[in-house]
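Should a chain be cited, it is by its letter among A, B, C, D, E, F, G, H, I and J, assigned in written order, with residues numbered from 1 in that chain.
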Amino acid sequence: MLFLAQMEVVIPHDADPELVEQRKRAEQERAQQLQRAGKWRHLWRVAGRYANVSVLDVDSHEELHELLSTLPLFPYLDITITPLTRHPSALSDAEA
Amino acid sequence: MLFLAQMEVVIPHDADPELVEQRKRAEQERAQQLQRAGKWRHLWRVAGRYANVSVLDVDSHEELHELLSTLPLFPYLDITITPLTRHPSALSDAEA
Amino acid sequence: MLFLAQMEVVIPHDADPELVEQRKRAEQERAQQLQRAGKWRHLWRVAGRYANVSVLDVDSHEELHELLSTLPLFPYLDITITPLTRHPSALSDAEA
Amino acid sequence: MLFLAQMEVVIPHDADPELVEQRKRAEQERAQQLQRAGKWRHLWRVAGRYANVSVLDVDSHEELHELLSTLPLFPYLDITITPLTRHPSALSDAEA
Amino acid sequence: MLFLAQMEVVIPHDADPELVEQRKRAEQERAQQLQRAGKWRHLWRVAGRYANVSVLDVDSHEELHELLSTLPLFPYLDITITPLTRHPSALSDAEA
Amino acid sequence: MLFLAQMEVVIPHDADPELVEQRKRAEQERAQQLQRAGKWRHLWRVAGRYANVSVLDVDSHEELHELLSTLPLFPYLDITITPLTRHPSALSDAEA
Amino acid sequence: MLFLAQMEVVIPHDADPELVEQRKRAEQERAQQLQRAGKWRHLWRVAGRYANVSVLDVDSHEELHELLSTLPLFPYLDITITPLTRHPSALSDAEA
Amino acid sequence: MLFLAQMEVVIPHDADPELVEQRKRAEQERAQQLQRAGKWRHLWRVAGRYANVSVLDVDSHEELHELLSTLPLFPYLDITITPLTRHPSALSDAEA
Amino acid sequence: MLFLAQMEVVIPHDADPELVEQRKRAEQERAQQLQRAGKWRHLWRVAGRYANVSVLDVDSHEELHELLSTLPLFPYLDITITPLTRHPSALSDAEA
Amino acid sequence: MLFLAQMEVVIPHDADPELVEQRKRAEQERAQQLQRAGKWRHLWRVAGRYANVSVLDVDSHEELHELLSTLPLFPYLDITITPLTRHPSALSDAEA
């Protein structure tokens, strides 16, 4: 089942730069692992902002929460969640 | 180039029901035509709302505006546009 | 899987009173049918507002959308959806 | 009498990690104690956010304030309160 | 138990003037009846707005909802409810 | 003349605890002094929040500003002011 | 005592044009009468909006409410009120 | 002197279509006349919305208000005004 | 030409107190100098807030920006600007 | 293709002043380089705010994001992006 996840990244200006870099590297690794597992179906950068637009495909709300709350950048993320379903005008079945 | 388009549909309660039905049918036809043309890349219903989440793939802002402003339901739509670009952690090149 | 649904009812002042009454009666019938089916797990009135707080238990986003968009009062509802999951401090398993 | 309590947890990034952990443990203990006492009737995690949705059952506003303001995480909580009452379409008497 | 109720009155410009006048007269009568009964403890006009600030004293959320939702002007009211309790610095016991 | 004052207290998490405690004690003393003087007519706690709802009775805007801006907790307060007047449906003259 | 009053004028598009014109003429007459009486101390148009910024000088909240609520355009006005007082850096005593 | 003007066009769905068309034609004529006069320096469509972004060059606030409030579509416009000045990093003097 | 300037002062709680005091003294001096020069036409305190309402009279947007951005408290100010013009119902020419 | 970019600059009060100054100088250099390259088509200061209004001309969303996210002041910027297109009433072709 699909969720739109809109994530804004807010790094406090006085955070430890090394910690931040380490979390960013871990985030990238985790994001790619989840894409390969088919869980993170779409991942786009919002042009001009430190933010992304994502579509996640999970089996339950437990999995959704586990996936998001263990992201290395989670403490810096402001996430908005929107549940998605098949649109009656959508041609492709694969989207649902 | 990709845009996230989030569309809320607001039908005035005293609109002519026949006109509304006619526009809905024309909207569906147009949406499917644009999907077949590869312009309307993703189309999801927001669960529980008369709203959709879309990803559009156009060649210019002119084309984006032409596409949206000629939708049969345009007079009833409140549209939010977000320009998207490739995310550095995205695995697939096809997304950009 | 559980969703918090917060619904505000906004009846246009110039709506046909008979139509509104008919929809209210149908809404009550449908709400009780969904409660008996175990889909509408909780239903509270917000004190002082024409609004309710609900917890819905559905198997998919398709079912969530079908359930909400076919409510007789749907054209007058402004609905906010929040996906819920088990809280690590919750004692009861039944909640998840 | 019932209240919906929606709580967002905001931990300042430069808070003392030991203090935070200690408060989280105390919070869990207190939350479970209040559930056992029948005061914290429902407790759900908001999927994807460090937040919860709760339904509290108290005898007075004094008890509501005492309950919330003595939560170990209270200094980090942003709480929205909504008074609930029985819905005319609710089947179960136990909800009120 | 006390609630702050902040009420904005919004009369649609094309409402039937006679119906509005009739509801206003009934509202005044009802408001005074509730004041005499000790339920509507305080009632102030907001200077410069068609709005009031009220403090209501009710025994339950059921009574609060019954009181507000049967006000003759209820269809035109936008009401914000805030539960109040005794302030630790308040001198008078009568306030709680 | 009466003003509704709605005060939210926001203590920065890294403020000096001793300074905060000292200001809280001074605030309580001042609040009670102003109640005894008839200036702070009503003072309620908002249930579940570090906030209060107050009604102040002052002779001028100068007095209102002097009263509020010299509160010991003023640096931590976010105050919303609403001028009140007699409501045409109010029974008691004493309110105005 | 002085109040800043910021007024937005919103004329419903289907209001009776004659009624609107009549109210505008009456409004102008009343506004000038109040200026001559020294009650409406300042009156500016907001450039580019059907709105004004005003400073009113009244003896009480009753007078403020009477003055505003009897304006011929009051049913179309959205008014924001801010109580003003002498600024410690102001040179002129006449402002207070 | 320059102003950014952001204009949203909101046509009521039950406005007289002929009146609207007539105003749109008059608006276009007026907009081009003001461009030729050097007053309407920039005029862009917001892609996907019935809205524009404009930069106006006027000699006074009177002229700004006269220009905007006499636009044929003014009754349907929601206009946000931002005063602009030369940016210290701007290369071109012509902008100021 | 006239501008309404609404200024909120937000002093970070951990700012250097001496620096703040020094800036406040310099601000007062500068504000009075600008009043004497006829540039700062009106200056009021918002009752109950660390904020002011001002009317500035400048010859250009450059002068407006220069005036505001060199205020000693500028780093702590949140300023909202509204361009003003003569109101058609204003009696006094001196206001424009 | 054109984008309106509205940038607010928020410098944390406890940022290292030398770092800030260095970034401001680098920002100015970069802004002028991008203006000379024809990418930063318009750059205005918002009068009275530490903010600018810009029009950017880029070939893709990738270029837009690269341009903005590498600005030396990017960590302090809150940027709002609006895609622009040719307005049907615009006289000049050069704008599109």
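Here is the rule we use: contacts are C-beta pairs under 8 Å (C-beta built on N, C-alpha and C of every residue); 3 or more make two chains touch, one makes a residue touch a chain.
Computed from a predicted model, the values in this text were never measured in an experiment.
Asks: Which chains are in contact with both subunit B and subunit H?
Replies: Per touch definition, common to subunit B and subunit H: J.
Asks: Tally the contacting C-beta pairs at the A-B interface and at the G-H interface, and name the larger one.
Replies: Here the pair linked by more C-beta pairs in contact is A-B.
Asks: Can you work out the rotation angle that lays subunit C over subunit I using Cα coordinates, in steps of 5 degrees?
Replies: My answer is 180 degrees for the C-alpha fit.
Asks: How far is the middle of subunit C from the middle of subunit E, if each middle is the mean of its Cα atoms, in Å?
Replies: Using C-alpha averages as centres, the distance is 27 Å.
Asks: For subunit E and subunit H, let me know how many angstrom lie between their CA-based centres, rounded off.
Replies: Distance between chain centres: 44 Å.
Asks: Residues touching two or more other chains, restricted to subunit I: which are they?
Replies: 2-3, 14, 45, 47-48, 61-62, 64-65, 81-86 - these are the residues of subunit I that touch more than one other chain.
Asks: If two chains touch, include that pair; go through all of them.
Replies: A-B, A-C, A-D, A-J, B-C, B-H, B-J, C-D, C-E, D-E, D-F, E-F, E-G, F-G, F-I, G-H, G-I, H-I, H-J, I-J
Asks: Which stretch or stretches of subunit C touch subunit E in the complex?
Replies: Touching subunit E from subunit C are residues 11, 13-14, 45, 47-50.
Asks: Under the touch definition given earlier, write down the residues of subunit H that touch subunit G in their complex.
Replies: Those in contact with subunit G are residues 3, 5, 12, 14-15, 61-62, 64-65, 68-69, 75-76, 79, 81.
Asks: With touch defined as at the start, can you tell me which subunit A residues reach subunit C in the complex?
Replies: 1-3, 60-62, 64-65, 81-86, 96
Asks: What residues on subunit A touch subunit B, complex-wise?
Replies: Residues of subunit A touching subunit B: 2, 4, 27-28, 31-32, 35-36, 42-48, 52-53, 55, 82-92, 95.
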